[in-house]
Amino acid sequence: MARGFRKKIQQKNTENSGFGSNLSGRFINKDGLPNVNRKGVNIFNRYSWYHTMLDLSTFNFLSYLVVAYILVNLFFALIYYLIGVEHLTGIDKSNPVNEFIDVFFFSSQTFTTVGYGRIAPVGFMASLVATFEAFLGLLTFAIATGLFYGRFSRPRAYLKFSDVAVVAPFKETSALMFRLAPYKNNALTDADVVITTAIEVMENSSPKINFYQLKTQLSKINTLALNWTIVHEIDEESPFYGFSEDDFKNTGIEIIVHIRAFDEVFSNTVVQRTSYVTKEIVYGAKFIPMYYPDKDNLSTVLNLDKISDYQKAELPVFMEEEEE
Amino acid sequence: MARGFRKKIQQKNTENSGFGSNLSGRFINKDGLPNVNRKGVNIFNRYSWYHTMLDLSTFNFLSYLVVAYILVNLFFALIYYLIGVEHLTGIDKSNPVNEFIDVFFFSSQTFTTVGYGRIAPVGFMASLVATFEAFLGLLTFAIATGLFYGRFSRPRAYLKFSDVAVVAPFKETSALMFRLAPYKNNALTDADVVITTAIEVMENSSPKINFYQLKTQLSKINTLALNWTIVHEIDEESPFYGFSEDDFKNTGIEIIVHIRAFDEVFSNTVVQRTSYVTKEIVYGAKFIPMYYPDKDNLSTVLNLDKISDYQKAELPVFMEEEEE
Amino acid sequence: MARGFRKKIQQKNTENSGFGSNLSGRFINKDGLPNVNRKGVNIFNRYSWYHTMLDLSTFNFLSYLVVAYILVNLFFALIYYLIGVEHLTGIDKSNPVNEFIDVFFFSSQTFTTVGYGRIAPVGFMASLVATFEAFLGLLTFAIATGLFYGRFSRPRAYLKFSDVAVVAPFKETSALMFRLAPYKNNALTDADVVITTAIEVMENSSPKINFYQLKTQLSKINTLALNWTIVHEIDEESPFYGFSEDDFKNTGIEIIVHIRAFDEVFSNTVVQRTSYVTKEIVYGAKFIPMYYPDKDNLSTVLNLDKISDYQKAELPVFMEEEEE
Amino acid sequence: MARGFRKKIQQKNTENSGFGSNLSGRFINKDGLPNVNRKGVNIFNRYSWYHTMLDLSTFNFLSYLVVAYILVNLFFALIYYLIGVEHLTGIDKSNPVNEFIDVFFFSSQTFTTVGYGRIAPVGFMASLVATFEAFLGLLTFAIATGLFYGRFSRPRAYLKFSDVAVVAPFKETSALMFRLAPYKNNALTDADVVITTAIEVMENSSPKINFYQLKTQLSKINTLALNWTIVHEIDEESPFYGFSEDDFKNTGIEIIVHIRAFDEVFSNTVVQRTSYVTKEIVYGAKFIPMYYPDKDNLSTVLNLDKISDYQKAELPVFMEEEEE
């Protein structure tokens, strides 16, 4: 009976997780961001537009740029049209639609500063607007330059995690394991891991969430070139000590993983977070090796597709009775 | 009687605050910058123009750019005008004003490199000036690009602090508390806080300022996703031990707060400072919770408008007599 | 007899090298990158194109840019040609080749936004394509700006290592030594070194690789201005204790070097790695000094060409028998 | 008698200064760079051109840009001239000088992409060269953008040091002191200082340089807002213990100072180095205070012109005889 059991956890819960102890879903989303909604600040202050632009996918980012480019040109085309096409040379005045098309192209030639001159401003107002449109264009591309650089120079760990954590046989007992590997041509060194687990417990017959730091066999590694299997032995000091398969299935568990490493190309510290919740923990399984020598025996091959591959593995039976 | 009392502080004052002990207003302004004026270096050396440009508000920054753009074009327009409009093609020579307007627009078309060519230089001098104006234009936009990038990639903590610190009931005694929360979509981890307090004391009957490091219940936190209430228990080791409500109101106190955290998007350490002075400390109050589960119980909502909300709270009476 | 001997290593092997213990060539290539091939992720996800662009040589990088520029213009020239040269003014229509040449140049004038206007779009389709080509051109140069900056602002240690490590006489015993020096006008301080060695041993009559941390005489240095000779004394705690010349020649050894320093110009930590394998270790040799006072005795001259220069040196005979 | 005296230094000399112990002038120049010349690597590899461009003064940097701009345009003008001015429209063909002037301006209009079009390429060769000149122009400005950004975003401490160090009365003995202050509107926190001194000593009657770490009263400071006087007490553990005025004047001494702090605007660690040699040490002097409250007593004024101001101060006589 799970609820009763969980009261037995002996490890002192940690106080500095930064999360509250009330129950409202996952703490850390799979992508590593906290599962928190902010309100009460107006929308402009609640978002860092730069953080937002950096988090967009490449496709979305480029789409926004193209849409913004079209909208800006439509806006300026309208202004030139309202000023009057007679303030521009070279406009096709055969009908209003052609006029608008030509001022639109004039606008784009001004905004990008290509300025062929086939269409050129002659009147004061059109010249003045063009003066500012070209200026705005250059500032916009100055900002775009910064955004592009910010996006691709943003230090990232590029770590792939196994989809699940397993409870595998380990020495004479068992251990909670998951693994990760760098999947890009970046060079990571001095990696370390911090694992915090949130476990739902009954305290004075009301549910509450406690946080525990999980010890690992190896919490630092010199070079993160191959995969790294992180092993938390379920010994007497573990909050999972004595957990049966049912306990793992029925208890609200979240394992919050925080990896930090040094990227030698960026010369910067990079971090990545993820979490495993109850349904992502497989009891009685072990991972299948994912690297092997190449056929000439001159180098090591790391097969990243195998990162989540595991096989069934018998766990030693925990002698619960003995303690009583 | 406050002055007398303050002499009783037992904690050793810290020497490495970096501030002098003479009395000249607040040490740290509310925005976190030291309250110091520099003189004696000439104005060009006293300011880092880059630090200055980064500290400008967005509105001021853009305004400066626009004004500079207009001034540069007026300057070059004047030069082209003095060289003579006959060195340019396509100028409207109907009257001097139109001439000047046209050279102004020619200047802007050169500076932004839009170069329609309707107005173009033909003479040697006008061509030479245009050659350098276009060059200057590109360098200017190169600098602007750097400034934009510097401005929005500048690592910042985006922390909102409560307007006041409170002296609230805590365990059997009381504690000085204030709170903070990140208000943007940035992801902060590994936050730590250092609190130094400056207290005005009488030493050999002349006023002097002593500095004390304040201990906190929790000086590090793993994830700064929700709000963080920083708690300094007023126990026997606190410099505020034995302070009555009157003492808090009549003593010159400044609580200097220094937060440091790791921003996972920038992969950089970010810091933020603030300070609370005597009039920003509320005696006998406690903060009202500011986060709660959302209605589906799947996520946590953090209401940032409530960050400074507190309610009255009775404090235990300090038994001053007992010590004697 | 080497194989037997190597079993005697007393030092505990380190577990956190991050490398596996199977045998598949060098662990770290001479240039510092791990000798690992990744597979199983598709090619777009397996490479960080930004890391790749930063690792290209200057010549390759510029070549790629030029080739890309030509290809983009050929692509757009084809589109303009298919749209029809009658949508452009100023085209030399004497024959199809000249037409294509002219649309190619029109494309380049649009992509770079130079836009002379001698050739200019008049039709809707040509104008529309030109609108996007100019936009694409500016974005491309925005990206190029970021790549250039990323390339030359990338923090690097610029350390030159001696080609070989030597086993030299040291105090009464011997020591493994290699040396390094900064070869550019960068200013490095607070350097430290970590040396891990991989040694092939026989365990239960099957070959296996063990990792050992090598102690050095001096693992930190304040200023890295001259050369730095790193000295690992082969004393009883060294895994090489008792190695004869033959042992050094016949054992699979890899000495993995990891240097970390602070670059004062970039204000950033820089790292560099290299490794020495069996054939790069010279037994019975010592380095020749590589710096000396200049002729006015006012400054020190560091001759970087001498970094790998060594001379023969007699080593004390190791009394293997004594231990038995 | 100085030489003899210096042999008495009891402190163990530090080995990890990174400098050799031969005598060849100052180790660290006043501007903080090591006094070392490198040779033996070819000139292209010996300099990091990026470090060099960042170290240029603003005037030199801009001058180089202008000169490069002129040279590039002369180069391309020559090419266009050799191709033949008949491949360009709008050239003033009255005489060869005017032709060259016009191709020069055409070149500049292409390089900056201003492209008025008054002069435009018509022939194949001229168009082809213009195609690459415009491309080169954009890449050049991409690089210039990076250099500008690199230059002004380069983290620097902006510390002003006193011109001299003084040996001043301190407690019952004396102390070596110098001071520093930030002179710009940057915000430095968490500053720390490391002082190494090089002292010329006689060892076995040949001169040699020993290095000693100097202890300071306060080696860390929280906020570097005012000036910071660094105090090395000359007590029994100091290498200067027992030095007379003559010893200070006749011994080869170099005090190497290394300051490290955190800049809150750049969110980066900044460092600055300097050194004081024998002739920059004033015996029997103390610094004059350089900050005071402003007239409204609301803020502190720091007068940076006073940083090197000192006055004579009597030192306690050292009782050398007592030791014998």
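For clarity, chains are labelled A, B, C and D in written order, and residue numbers in each chain start from 1.
The rule we apply is simple: a contact is a pair of C-beta atoms (placed from the backbone, for glycine too) under 8 Å apart; a residue touches a chain by one contact, two chains touch by 3 or more.
Bear in mind that the values here come from a model prediction, so they are computed numbers and not experimental data.
Two copies of one sequence, subunit A and subunit B, touch each other mainly through non-matching residues, since under half of the numbers at the interface are common to both. Rounded to the nearest 5, the angle that brings the Cα atoms of subunit A onto subunit C is 90°. Here the CA centre of subunit C is 28 Å from the CA centre of subunit D.
One inter-chain figure worth recording: subunit A and subunit D are separated by 40 Å, centre to centre, where each centre is the mean of the chain's CA atoms. Residues of subunit C in contact with at least two other chains: 109, 113-117, 145, 149, 266, 268.
The touching residues of subunit D, when paired with subunit B in their complex, are 65-66, 69, 73, 92, 101, 105, 108-109, 112-118, 141, 144-145, 148-149, 152-153, 158, 160, 183-187, 189, 191, 218, 220-226, 228, 262, 264-268, 291-294, 297-306.
Of all the residues in subunit D, the ones that touch subunit A in their complex are 113, 115-117, 145. Of all residues in subunit B, those touching subunit D in their complex are 15-20, 22-28, 32-41, 45-52, 54-55, 89, 109-110, 113-117, 120-122, 124, 127-128, 130-131, 134-135, 137-139, 142-143, 145-146, 149-150, 154-156, 194, 196, 258, 266, 268-271, 273.
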